[in-house]
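Just below is one structure, and these are the notes that go with it.
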Amino acid sequence: MRNWSERASARINTAVEAIVAMLMAALVLDVWLGVADRYYFHWQLPWPEVLARYLMIWAALLAVSSGVARRDHIGLTAFIMVLPYQMRRAVLILIDILALALFIYVAWFGIAFAQSGAPRQAMIFGASLAPFYAAVPVAATLSAVQLVLVLLRDMGGHVDQPPFNDHMAEKIS
Amino acid sequence: DGGTIRFGHDNKTDPFENPAHACTAVFSNLVTSGTNGSVNVEVFGSNQLGSAAEHVQQVRDGIIQATLTSTGALASYYPRIDVLNLPFAFNGNASTYAVFDGDFGDALAADIEAELGDVVVLGFPDTGGFFAVTNSKHQIADLKDFEGIRIRTMTLPSHQTIMQSLGAEAYPLAWGEVYSGLQTGVIDGQMNPVPIISFANFAEVQKYMTLTNHLFSPYTMMINRAFFEGLSDSEQATIRTAAENCVTASRGLSRIIEASDRGLAGLMDDIEVTALTDEQRSAMAGAAQPAFEAHVAENMDERAGELLGMFKAAVAEANASTYLN
Amino acid sequence: MIVAIAFVVLILFGMPIGFAIGLAGVIGLIDMGGTQFLAIGPSKIFNGLNIFPFLAMPFFILAGEIMNDIGITSRLVKLAQVLVGRFRGGLAHTNMLASVFFAGLTGSATADAAAFGRTLVPAMVKEGYKRDYACAVTAAGSIIGPTIPPSGLMVVYGSLMGVSIAGLFAAGILPGLVICLVCMAVIAIGGKRENLPKAARGATPREIWDTFVSSLTALAMPVIILGGILGGIVTPTEAASIAVAYAVFIGVFVYRTLTFKGFYAMLVRTARITGVIFVIIAFAGILGWWMSFERIPQLIAETVLGLSDNRYAVIAIIIGLLLVVGMVMDITAILIILAPVLVPLTEQVGLEPIHAGIIFVLALNISLMTPPVGACLFVLSSVTGERLERISIKLFPFLIAEIAILFAFAFWEDAALWLPRLLGFAQ
């Protein structure tokens, strides 16, 4: 079960990160285009500024699930380190379950939120706001799925045995 | 007991500083006193509960009960509001009062209510008057002066169309970057109502201002329909009367601000101001109005075309009538 | 009350701070009763992030990633080393000084923290500094960015309160420089105790020259960014994307070390760091909305300000209030909610509007590095992997020094308004 959830989490995360990388690349190109337009092309495009915000939101929110998979999200650990090991694991499992509840809430109400964007105009490409608003429920669902998988993978042991040795900081220092 | 009207808006919470809060202060006072306190009003200004567009959604969802919203923020829910952007329509403030208090105002309110389904429109308060154009290249007096000037507009296709038809280049820029953009020259100029130009301190980074008066963009004041219909007839009547006075207050304060050091009178010290002659203004109208009408025909539905026709007729009638005559 | 208790308990038990803020906010919404309030959550998440200038953060993080990868950073660090490396804590001083130079490029503390967290912190660690100390120095210096103009916060304050933005910019220069000098003094005083490294010998003029030449491409970066902004080509937010463009150009055409695979990994890492920070901002939107709706900030303000009407007491109370609320709330939310309540009080006690403005901006900037809700701490913690509480402990002396500077400028009007008066923005 533990191995299965570890593999599933990693697989989903690899796919999500590929999408996120493409969104980031598109974001960079979009802002470059906005500058080049004003300075060089003079097309007076209405959409680079708006699209940049929506690409940024999609990329950042999708990356939240990646942070869940890699246990990147920052918390204070000073207090729980004082607790005995078994109790610490129980507390951390409970915390994971509460976080899961939070993301299920966001995903559930996020669906209605995305639907509320359908009749509204995004002011670019004649599109509605629904595909942009959908970032919230999609990202929350992914985060919820990742939370279940990493809960099974770590069972509260992640503060004592971090799941990734190659923390992003170690790579660069 | 009718309950509490939570009223959100996106302006500073000083009734002497901006028409939105003046309007809500008058509304709040008249509703609370007029219903003997059975309905009371809590005002949330300064974007405390979100942006203007979020306020509209919150009113529709019954989270708050009332809001004042700009046409830009309403446009994503009700695109036909764009017909109000007919450039160079009004020949003075009094004409705007006549049009929005008259049959056209009724028709627009009814159309918004039909489209959204969950709100009641209470009126169209003043946002601070007509739009002016500022820039740092050279003074704009004639149509040809717009040539090659790069103007910041909102991300609103009709605003871009209007500026382009005058010969300027129009680039959308986020509000938070306008001041520094004007300062460094990323963009040459911008357009906004005079009080906004004043409070955003654009005179510090701009040399010239032209009183083009090319746009008038009122707030739309709306209340949640289920809440409103749950009130007694006399409470509803009190709210209607209070809303009418709210609109009047917004107009009075807007004219006062224009005349004070927070408006045109104050800006004149820091920026070179030009008013247009009738000939200069009609040349600009001749360039911008056909382009705008083409934009409406191409991008909007038939009902928008009808509304635009009604709007033009109402404006023509209001422009033709003279005060006390 | 239940919201506050839930928030504290969740944070103590190690829930990621962003999630704890979100859960506390949702508990608030449930407490209000009625499912229509629960529907507000996703909307606040989306709209809390729907702000164009936020783009500067991922872009500067990405530019820092590339600069690291292709070796621009290490050349800059080498240069700083040959120049001030012979002093104890040379790189720490370099970090502080670099923040002053960088302040002319950026209007945001988080962009500064992201750029230096990515570049100078690893370099300092390599030199033998403790990572928590390196992060603390970076955090302390990061608030110089939005204090010396341009400053995003000053633009928001000026527009919101109708105060001259140019005047606020002028008022920020002196405090920004003083913060740099005082923090360098803190580094020097604590240098022995922290056992900060220093180079064994000074560099020869020949070494300095060679290092200078080899770091020219790196030194051109700020020149290009600043030139782009002041030359009117890009806005400060877009300038961050120019930093990315320049780093890519150098990596591909000059050093030829930037690979597609490497670039892909950098894009992913940038997005992950951005996600960690943005999830906090997003969930803070829910908690902030609940607090606004319940009028909690106004309640606190009224209670506290009922205490005194003495000018200095009111200033002290306002600063205290901003710093305390700044511990648990995002500073933009504080500005929007508290400034309209507090600024009229500064008028009552006769504070010049620009003076009041600079007090607000400095206090809120300092809140960016007070735990548990401190955006600069989040950025540094996520880009370096250092624990929040460890950075906070090392940050303490700097924090005290910066709060002292804040009080000095708040009480000494002539110093705070010296430059604005000289330039004609204040009487």
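Chains: A, B and C, in written order; residue numbering restarts at 1 for each.
Going forward, a residue touches a chain if its C-beta (ideal position, glycine included) is under 8 Å from a C-beta of that chain, and two chains touch if they have at least 3 such contacts.
Quick caveat, the model's predicted, so the values are computed rather than measured.
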Mind naming the chain pair that shares the most C-beta pairs in contact?
A-C
Chain at maximum distance from subunit A, centres defined as averaged CA atoms
B
In whole angstrom, the CA-centroid distance of subunit B from subunit C equals 36
Once you find the CA centre of subunit A and the CA centre of subunit C, what distance in Å lies between them?
23
Distance-wise, how many Å sit between the C-alpha centres of subunit A and subunit B, to the nearest whole number?
38
For subunit C, jot down the residues that touch at least 2 other chains.
39, 43, 51-52, 233-234
For subunit A, give me the residues that contact two or more of the other chains.
49
Residues of subunit B touching at least two other chains:
57, 173-174, 186
Quick check: in the complex, which residue numbers of subunit C touch subunit A?
10-20, 22-23, 26, 38-39, 41-43, 45-46, 49-52, 54-55, 58-59, 62, 68, 118, 121-122, 125-126, 131, 233-234, 238, 241-242, 244-245, 264, 267-276, 278-279, 282, 371-372, 378, 381-389
Complex contact set, residues of subunit C against subunit B
36-37, 39-40, 43-44, 47, 51-53, 107, 150, 152, 155-156, 158-162, 164-166, 229-237, 289, 292-293, 336-337, 340
In the complex, the residues of subunit B that touch subunit C are 6, 12-14, 17, 44-51, 54, 57-58, 61-63, 173-174, 176-177, 179-181, 184-186, 199-201, 204-205, 262
What part of subunit B is in contact with subunit A in the complex they form?
57, 75-77, 79, 150, 155-157, 160, 164, 169-174, 186-187
Footprint of subunit C on subunit A - complex, ascending
17, 20-21, 23-25, 27-28, 31-32, 34-35, 39, 49, 52-53, 56-57, 59-64, 66-67, 70, 72-80, 91-92, 94-95, 98-99, 101-102, 105-106, 109-110, 112-114, 132-133, 135-137, 140, 159, 167-170, 172-173
